[in-house]
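In what follows, a structure is listed as structure tokens, so that the remarks can point back to it.
Chain nomenclature is as follows: A, B, C, D and E, assigned in order of appearance, with residue numbering initiated at 1 for each chain independently.
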Amino acid sequence: MLNYVVRRLLQMIPLLIGISIINFTIMHLAPGDPVLLLSERNATPEELARIRALYGLDEPIHVQYVKWLGHVLKGDFGRSFVDGRPVMDHILERLPYTLYLNFIVMIIIYLVAIPVGVISALRQYSKFDHAVTFFTFLGQALPSFWFALLLIYAVGIKSNWLPIAGVATIGVNVKTSGLWATILDRAKYLILPVTVVSLGSMAGIARYMRSSMLEVIRQDYVRTARAKGLPEKAVIIKHALRNALLPIVTLLGFELPALFSGTAIIETIFSWPGLGLLSMRAIFQRDYQIVMAMNMIGATLMVLGNFLADILYVIVDPRIKYS
Amino acid sequence: MQQKALKDFSYLLEVKDLKTTFYTSDGRIPAVDGVSLTVKPGETLGVVGESGCGKSVTALSIMGLISYPPGRIEGGQILFEGEDLLKKSPEEMRAIRGNRIAMIFQEPMTSLNPVYTVGDQIGEVLQFHKGYTKVQAQEKAVELLRSVGIPEAEKRVKQYPHEMSGGMRQRVMIAMALACDPKLLIADEPTTALDVTIQAQILELMKDIKERFGTAIMLITHDLGVVAEMADRVSVMYLGRVVEEGTASDIFHHPRHPYTHGLLRSTPRLGQVVARLHVIPGVVPNPMFMPTGCKFNNRCEYATEKCRQEEPQLATVDGIHSVRCFHPLDGEGQVI
Amino acid sequence: MQEYLVEVKNLKKYYPVKAGIFSKVKAWNKAVDGVSFGIYRGETLGLVGESGCGKTTTGKCILCLEEPTDGEVLFEGKNIFELDREELRHLRREMQIIFQDPYGSLNPRMTVGDIIGEAFTIHGIASGKERTEKVEELLEVVGLSPYHAKRYPHEFSGGQRQRIGIARALALRPKLIVCDEPVSALDVSIQSQILNLLNDLQDKFGLTYLFIAHNLSVVQHISDRVGVMYLGRLVELADSDELYSSPRHPYTVALLSAVPIPDPDVRKKRIVLEGDVPSSLNPPPGCTFHTRCPRAVEECEKIRPEWREVSPGHFVACHLV
Amino acid sequence: MAVAEKRTSPNNLDQNFGGEALTLKPESYVRMVWRRFKRHKLAMAGLYFLLAMYLVAILAPYIATQDYRAVDPPNRLKPPSREHWMGTDHIGRDIFSRVVWGSRVSLSVGFVAAGVAVTVGTVIGAVAGYFGGWVDDVLMRFTEIVMSFPTFFLLLTIISIVERSIFNIMLVIGFTSWPGLARIVRGQFLSLREQEFVMAARALGASDARIIFRHILPNAMAPIIVSATLRIGSAILSESSLSFLGLGVPEPFPSWGSILNTGRTYLRYAPWITTFPGIFIFLTVLAFNYVGDGLRDALDPRLKD
Amino acid sequence: MYRKLASLVAVILTIAVFVTGCGSGTGQGKEGTGEKPTKGGQIVYGMTGDPVIFNPILATDTPSAFINERVYSGLVRANEKLELIPNLAEKWEFSDDGLVWTFHLKKNVYWHDGTKFTSADVKFTYEAIKHPDYTGVRRTDFKPITKIEAPDDYTVKLYLDKPYAPLLSKLTIGIIPKHIFESTPIAKMKENPANMNPIGTGPYKFKEWQKGQYILLEANDKYFEEGPYIEKVIVKFYQDEQVMLAALEKGDIDYMGSIPADEIARMEEKYSDRFVFKELPTNGYDYIGLKQTNPIFKDKRVRQALMYGLNREQIVKDVLKGYGTVMNANIPPVSWAYAGDVLNQYPYNPEKAKQLLEEAGWKPGPDGIRVKDGQRLSFKVLTASGNKEREAALLIAQQNWKEIGVEAIPEYIEWSVLCSQYLDVAKFESYLLGWSLGLDPDCYLFFHSSAAVDEKGQLVGFNDVEFKNADLDQLLEQGRTEMNQEKRKEIYVKVQKIINEELPYVFLFTRNRVSAMNKKIQGVVWSTLGPLFPEKWYIKQ
């Protein structure tokens, strides 16, 4: 097992290097020189050259890459071109919000999607199943921003207690208002974004769970469990569900990067100060350092997520053993 | 009349005119269409037939494991110790399944849940039916494993199914089936997926069990050799019906139904070299397009017009030997 | 002395088992471990053994569908592993295969006509109407009807599909057909049809069969000579009659005794072998069968028994014979 | 060998009762899929809807009542009326005509993007899965790299650096969404190349190309078709998301996404601008999902015999 | 650079804050009620986007400028008439030759951290801008200054190489504290933490920044002037204008700087009891720049035909909902230098346009588009994606021009690409964008021939259309050096006449924005710059 872990970790290295090269190349081949964007329109070539040197953009691209990689390995993603602050500061101040929103979304998705998927599998082709299918497809088919705006107008403005944008009421915190009032306040802000985000992603997991469950209840060992005379509940929960949940573990690994990268559009609409917004703006401003850091961290998390999923799989599924 | 009286007293299991039908997207499939079987206490009944003859469906019907959709039991009775299982509530059936009737399946590789240890899976039966505690159940599981000939049972009980070979797993399945000391063990092709040397082990084990516990066995198989070796009595099935029924010796030495006869002759036998095998012409008809009259008429060399018009009933020809044929053979391969 | 059509010499097929941090080859799965035998022109050589004994791999190596680790296969005296692409393509016309699984061995997206006729297309033998005619002819040879050519495999029953598989194998008029468990998946009544068909075709076309199966009765029925394999090695090879009447290797003896006889009144003394077949990943040293052999002696654990001819045409690999 | 008889389980009936199937009327695979597909009522409804949409797209010049580009500022933001069935937008363009023409843009964005994704994914997956070894290693590492980028940002990044034309948008959406399919196809190829019918083709001396195109690919089509169907829907959604950020199909070409985006500002008092393209996006994606679902059921290998 | 100010994700065009002009602003509240301002309360502003950096010499974006305006003070500032009035400087005088400007600073000024404000801070600020390592966008503004002297703590002397009138308006820029910024080299000024936690001299102290959510400012009790009265200033950031509008309706915010034109009528009708709605003309305009060197546009008659052939009144009426004015030259009505009626108004007249095109030799071709010497009268119009009003205007132009046989092909390009690939290298046929202007009417950098492309192909100023006119060059040079406003106005009227005739641009319109302010806020002074003097506002009791 340890061997396997080490091997998988080592395999990540070329992968991450490949990612970093592509990442770096895309950004540096992009038209829209950040120096031109940052400087005055009538700056002289000498002035531009000076600024370019200040930002270290005057060197050949491979030198820039090596330097950048060197810093990244030390955990330093450089500073934003636009405001000069360390990229990590930018990311770290946004990360909690993104994690917060997506974590809640994830919990809700799993809490709802798993039972829903299981029930619709058990009652395949029932009314419930059709309704679930419809709602999951609906969630996938609705353009999320449209749905979000409709929600804001339909619910947010009409009801006074449901805030439409932001994270919290200014001044409401545990010190001033007490724990419960604070929690209630935060919860109110979560309702709309969480609804929009979860509706879209719930579908996938519910469908996945449904088909996984359908697959499992056809298995011989489920028939064996029934033949043993076990109550249906035990058959479903102990024998079928446990196996059907195994592949979901892999999905959890994939959720990790999703937790990080956030949902740019939803963040725009609900003024949610997460990473999605940050990276979107950075892309438009050609703030290379931030974009590269975001891509790099996102990709690393993706790779780690995959790795974690594999390891989790080994842990939860006794069949899989690695030498 | 006399027979009826006999049945009432001596049959552990009596299946009467069972009809199980599947409704698939392609149409209605009468998988079991009026099957009658009997199993006496302590006896081994061999149920033989080719694929699609309904033997497994019969077993699942007895176990109450036909799920709707697509399957549905549409008629008949399944009397187990005199009680009609078809009239039982799901809870009552559960109390019987795995407890008084147990079943083992063809695929030992997939019939065990991969995520639980074999000890857990055996113990579970005891916990549910006998109210054992987990610890007691584990102890008993070790004992059961030992009794089905698994060496190092204490170690094995903590292993997962994938850590065992096919033969070993089938032993585990048998141990699990025996956990509650069932009156009837239904074995659905228990050795089909196993190699011949392992098959021999399992067959020995089953014989041993029958002797030790007096468990009645309903052995479902397509392998005439296995039936010959194991069964006291044999029911031959074809297209959802029993076409012939009798003692093993009768069936093998004096087959009355042309199908049984053909089947026996078309099987190559070890040590007997024939230049050319006998052939039953044609293939089993699609159950959705069942022939009228005798279901075997289109493959039967003796079929007459009557066979194509009318379906024969299962009738006693010779004491306890019954056959479903208008023109049964005389037992020596000749049409009467 | 008859002439060998195929001669297999010390054939080995090891699959690497990778493990560790750098995917180093940790072990070898010795699927076939030094097998030698010959197939006479026009005969049927049966190859029996339990699952994982290497009989199928042997068959695939003979057909050049697997690259062997070592050894050679001489087809009409030429080592097939030394052929170049074009020669190999040509060789394909000489030998064909029939598979076990009537469901997996036919491409479900092709019509029966295409499946059978593909051989003609690949080798540029016939096309268009000529091809259709040849296909129809083949269908009739294997007992199907010409109109079946337009149908898809899923419309056929197992036995019929096996016939299609046979027709495909026959299309190129090969000299050798490797029959890899051709009747194992079939019902008894269908099995006999196919076995008879194979017999008829052999007579008609002068075919040579390598008949691989686990069912000893079937092998006995169809084979002129029979080889018994255990854990990647041949343990015994002899004329069918001789092997069945006087087996020499303890494994053959046990195997034969394990076969249930469809006669309830015959109660023979059975040798029940203990335990399972060991893994081919780590086969026991010496005679691989020693772990289960009721007669094993110390020598068996250490020295690999030699493959030798104990009586004319009867080969055994056992220290005790 | 281990398998002697196919097991009988209630869910596996087709196989066991296959019997003399030839008494059935002959049926090609396509026909069988179609027969199965027809049973899925919602999928059929979806199919009809899509056919109708494609008809609209093809016949756009005849269906549209007005020039989709024609601005008419005095008649801006007019609610649906007899003249403007879906009202007008902020510069008086006829929404109905734009939605009709938009079906062309949106459906072709969906189609081409999905086509690109499917082509790239299939080729890479097929080559990796069929040849295995180092080819597989290299291709799969590359796939993983592309997969590792947060998809939407990658899409945004690339869109923001290329010239914004419908064609580029199609390409970029396509080129950022192939890795999932590549993996599926690879998996299919890995398992199919071990199938006996492939072995049989090799034994006949078939070339690699023949094996790939005649034998493996047709059998790997089911997930490819399903995935292509679903991807069309998601490409339409991707385009609308890009439109939301002002990076979608540029004016004056109408895509449903860009009409929706135009109307976003006027959602409150001119809801018709967004309602109609919104509904069409929604229904079209829904229809693709249902058709995909229906196809999945119809092509499901478990039901296949 | 101003163009860059027009916000990167360009959702709305908000006026830059350091800009001025000459508008009609009226005080409100104080004289109306006559009540005495009281301390306390809070005001919540809504803004779109996110601020970047709280350093007036580095900031380029609207939200940052908005905060900087409250936290920092400049030497001078503009009043509602857009006159420059004292701020940190008490008074100032120019030498007769206009080359030495002396500023006398107020003495009671303290930085928010308690340090005394002195002339050294001013010198530091201006020298930082002039430093070669300076990475901001104000260098051009301060180019005429050759030397800065601080003879004593309360005097600053600026030496100029030649008289340069527009300079005074540039001195509205906030002064940054030397004692905080001197620790970092100029090249690394962006990295100074004070950029994120600014210390200024303005009426409000920077208190808290929840990134992406809000900024909290608190009243500076030691402010050197009257006020501030309102205790807390909260600036909430929204990423979507529609959502911000919804927030305004809900009462989440007290102020929104620019209500979307289409929403104004409804808002006024619905919420006039809660909000004061103010229509404010802006100091900027939208235009279609025509590459003067392009053969198509070389002929003046073609440019004029494009003006006549474009229904600009309709664009104002329908795109801006009437909240705007048609422009005929480069100085908007809010400026004191606005020429007004003396200019050719170019009323919509397609016939005249056609006639002009005919005269210029462009005859209708087979597809209706005019042709001359085998060349079609067809050109691309680039614009940045995302601005709906501009997109709409462009579509109308496309249609209008088609009627006179001119084909305009709109192309929408992402902002940073548009800048770096097309505008900054002066490569395009035409483009539609807008300018946000400075307080001074000086437009040397826009239209002077030396601000076009130099011999190396480098764009020197903002004259990317490469307009060259010797008379205009001379006038523009004069306008800069003339210090008298009356005389300057005459010069700039002439400038406008030339531009109105020669048309380097197809001038479109200037916008009026409508701001909403909660009625409870009193003492607001409105101007084209928005609500002025926040320190004097107070909450109605």
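By our rule, a contact is a pair of C-beta atoms (placed from the backbone, for glycine too) under 8 Å apart; a residue touches a chain by one contact, two chains touch by 3 or more.
Which protein is which chain? UniProt says A = ABC transporter permease; C = Dipeptide ABC transporter ATP-binding protein; E = Solute-binding protein family 5 domain-containing protein.
Remember, predicted model here, so these are calculated numbers, not experimental data.
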Chains touching both subunit A and subunit E: D
Furthest chain, CA centroid comparison against subunit B: E
Between D-E and A-D, the pair with more C-beta contacts: A-D
Inter-centroid spacing, subunit B versus subunit A (mean Cα positions, whole Å): 54
Distance between chain centroids, defined by C-alpha means - subunit B, subunit C (Å): 32
Whole-Å gap separating subunit C and subunit E, where each centre is the average of the chain's CA atoms: 87
Residues within subunit E bordering two or more other chains: 242, 414, 416-417
Residues of subunit C engaged with two or more neighbouring chains: 51, 157, 160, 187, 214
Per-residue multi-chain contacts in subunit A, two or more chains: 31-32, 149, 153, 220, 223, 268, 284
Subunit C partner contacts - residues on subunit D that touch it in the complex: 1-6, 15, 18-22, 24, 26-29, 32, 195-197, 199-207, 210, 214-215, 218-219, 221, 304-305
Contact set on subunit A toward subunit E in their complex: 31-33, 36-45, 47, 50-51, 54, 79, 82-85, 93-94, 97, 149, 152-153, 156-157, 160, 163-168, 170, 267-274, 277-278, 281, 284-286
Residues of subunit D touching subunit E in the complex: 69-71, 73-74, 76-77, 90-93, 159-161, 163-164, 246-247, 250-252, 262, 264-270
Complex interface listing, subunit B residues touching subunit A: 63, 65, 90, 93-99, 102-103, 105, 107, 110-115, 124-125, 128-129, 160, 162, 173, 176
Complex contact set, residues of subunit E against subunit A: 1, 3-4, 8-9, 50, 52-53, 132-133, 135, 137, 139-140, 187-192, 195-196, 210-214, 216, 234, 236-240, 242-244, 246-247, 249-250, 252, 414-417, 419-421, 423-424, 445, 451, 456, 458-462
